[in-house]
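Let me begin by presenting the structure, written as structure tokens, before commenting on it.
Going by the order they are written in, the chains are A, B and C; count residues from 1 in each one.
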Amino acid sequence: MYVAVKGGEQAITRSLQLLAEARRGDLATPELTLDQIRQQLRLGVARVMQEGSLYDEELAAMAIRQAAGDMLEAIFLLRAYRTTLRRFGYTQPLDTNAMRVHRRVSGTFKDVPGGQVLGPTYDYTQRLLEFESAATSEPVEAAEPLPDAMPRVLDLLDAEALIERIDAGTDPEPADLTREPLMFPADRATRLQNLARGDEGFLLGMAYSTQRGYAETHPFAGEIRMGEVDVLICPEELGFTIEIGSITLTECQMINQFHGGNGLPPQFTRGYGLCMGEGERKAMSMALVDRTLRCDELGEPSYAPAQNHEFVLSHSDSVEASGFVQHLKLPHYVDFQAELSLLRTLSAQHAQRARDEEVTTQETSS
Amino acid sequence: MTSNYNFAFLDENTKRMLRRALLKAVAIPGYQVPFGSREMPLPYGWGTGGIQLTAALLGPDDVLKVIDQGADDTTNAVNIRRFFARVAGVATTERTIEASVIQTRHRIPETPLREDQILVFQVPEPEPLRTLEPREAETRTLHALADYGLMHVKLYEDIAQYGHIATSYDYPVLVDGRFLTSPSPIPKFDNPKLDHSPALMLFGAGREKRLYAIPPYTRVESLAFEDHPFEIQRWEHQCELCGADESYLDEVVVDDLGSRMFVCSDTDYCGQRRAEQAA
Amino acid sequence: MMLAAFAHPVFDSQRNFRELLQAMARPAVPRLVPTPAAAPAPILPATMAVLLTLCDADTALWLQQPNEEVASHLRFHAGVRLVQEPADADFALITEPSSMPPLARFAHGELRYPDRSASLIVQVEGFDGNAGRRFAGPGINDVEQLAIAGLPAEFWQQRAAMSAQLPLGVDLIFISGERMVALPRTTRVLED
């Protein structure tokens, strides 16, 4: 005899126990410490902070551990925690000109003032699995300290008036997408904010599509820099600026060909990417997508997915996408039942029509 | 109750934002109000819109019921109920008649609701025109002009192809004769309960960051044509547990041979009927 | 000395909101404001409760009769932004309806976003459910009757003119003593 299914509560409790056990693994192996995660999985921590929109290495490390290394789950955990935090104020715009640079490369000039600085990069590793522990016992010899503020590559072009000028001083206050819904049309500040929170894999795919003919933007990596930037706030009650700390950022400025149009002369144009922590792939992807999304403003024909504002911005967020894709595993039996009875009706009608036609054919032939 | 979080999880600023949006939603029935949806500790698509609305509504005196597919004991309903018991310490119930706030996914309870109850719907896609027109900028304009030709054409094409309208759930409605509105993916069986309901009905779409309302005693018409009036699903079966012949039935596969049985989707309704029969 | 606000901000706001929500959902029916809050003149405690429940740093409020005490009270307790022009207001507080600006001066929303419109909180002299105009529309089962005392004669003409622009319009919350009545834009006034 069938009885209505009960026991959702017990099922959840049991599942939570199994999850805790699976996450922890063999109790004989020590649990990962947050310091280990912060220090030895720092790029994962950076991604979680970046897409989680919360710069806190310890919380990001905690999220990664709790999510058993599932980055999207960790990002989700951090976002949900962020919701509950009180908002004390907004920082001053970050000044990346004053970045204390650890890495700075440009694909546009062989040498640039300040030099090409590789810093800690995987670019020239040979991707050979290192079967011995990677731990070096010897500290790297300290190089000459880099200058405090490194000149910008794009300023060289700016001096020749070959690249578009963008005057940040006249920008309106940006919207805050963590407080207000995304609306269309979305201005560039809003788009950049959306991309900065966007999923790295999604942006990478979108950026890649622009290089393969879906909205060619002819990009050059004008400058990529990574380093620390001071965070400043100006509390209402004080009336002057104070420094509250510094954060690591990766910034990418793409230079793109532009043959002129929409009343603008031929010149180089800019695509911009910025992310918290070390995140070069993300920053470069973002810069490519940012430039591609400027098609309307620059009078470029718009036909490719990466040029479509609603397509890109509505689908970039991993927390939204992951939730909705995975909600399909929730019960849908009410709607399925509705579809089932509809399909049965349609199928019966179809069969009836076929029978009617057969009868008609027989009558005609007899 | 967990004291590390504010009552009902959300901070007071967020609640005020939601409350202002809810008042606008009630004042403009069926219109989708954009709101600053927050990331909740449950995934988008799993009821974050409903949860935010419920969080903005709940007070210490409320009694909360949560259903999914009509049932109180489906895992997602259990999880949401546990969430509010944990962050708001509110009383919960499985009885429709005891609840002051009912959060639902995909059903309207069979038991008629009262004026002192509020029904909160979880909505995956608030825009009834979305599958016909993906651009939000465009659908906003269509609503502004009350231009619902797209939907009429779609329904008419159904009739041309199948002889009747082939939409069985999330069946679009016109609220107060003005806004075309998604009733959320309830079966069209439930659509008549939206019309002139004594209870206030609120709809939250967290991922899409929209909320809307159908006030009590408001005209809600399911779209139809004169020669093809709106019809709801009917079963040849009765509920095999309580014998109900006017409730929405779930089809359950009971053995490896694919034998089926039909039971009420609304577990409280079915349970109450069986209790009455036993008494 | 600064007056206090809600004794229990979380729960008082919640109670007031639930009644406000029901008031908006069931137009033309007076309801008690559950937890009035101390208020400097000319604001009534029930009115202040509505303001504290709905307003904060994200909302712009226009006062018909601004004074320093009221302004500093609202800034301190709600952090609300006060604006000079009725057209810029999310909320407007009318304390002397006989000289209130015409409804057309408040934001009515945009066709694509009719929610970007003002809500008016109007202190009036009294409600009488056995007299006055008859109302119908969403939230009203058949018909409700209500007389609202203290409104200028031209108010109803202005509101009728506004109805022609639906779904654009302003929503009204009337306060008298400890009671409130809502009249959303969709409520129709029946001709006698």
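To be clear about the criterion, contacts are C-beta pairs under 8 Å (C-beta built on N, C-alpha and C of every residue); 3 or more make two chains touch, one makes a residue touch a chain.
In this text the structure is predicted, and so the values were computed from the model without any measurement.
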{"item": "Touch-based graph of the chains, sorted into line, ring, star, complete or other", "value": "line"}
{"item": "Closest chain to the centre of mass proxy, which here is the mean CA position", "value": "B"}
{"item": "Whole-Å separation of chain centres (CA-atom averages), chain B against chain C", "value": "29"}
{"item": "For chain A paired with chain B, centre-to-centre distance based on mean C-alpha positions, whole Å", "value": "32"}
{"item": "Distance from chain C to chain A - Cα centre to Cα centre, in angstrom", "value": "43"}
{"item": "Where chain A touches two or more other chains, by residue", "value": "none"}
{"item": "Chain B, residues touching no fewer than two other chains", "value": "6, 13, 34"}
{"item": "Complex contact set, residues of chain B against chain C", "value": "6-7, 12-13, 15-17, 19-29, 31, 33-34, 56-60, 115, 140-141, 143-145, 176, 178-179, 196, 198, 200, 213, 215-219"}
{"item": "Touching residues (chain side chain C, partner chain B) in the complex", "value": "9-11, 13-15, 17-18, 20-22, 24-26, 53-59, 90, 111-115, 117, 119, 137-141, 166-167, 171, 184-186"}
{"item": "Touch list for chain B against partner chain A, complex", "value": "5-6, 9-11, 13-14, 34-41, 43-46, 48, 68-71, 73-79, 82, 105-107, 124, 134-137, 162-163, 166, 168-170, 185-189, 207, 209-210, 233, 235, 240-241, 248-252, 254, 261, 263, 265, 267, 270-271"}
{"item": "Chain A to chain B touching residues, read off their complex", "value": "2, 4-9, 11-12, 76, 79-80, 82-84, 86-87, 178-185, 310, 314, 319-320, 322-327, 330-335, 337-342, 346, 349"}
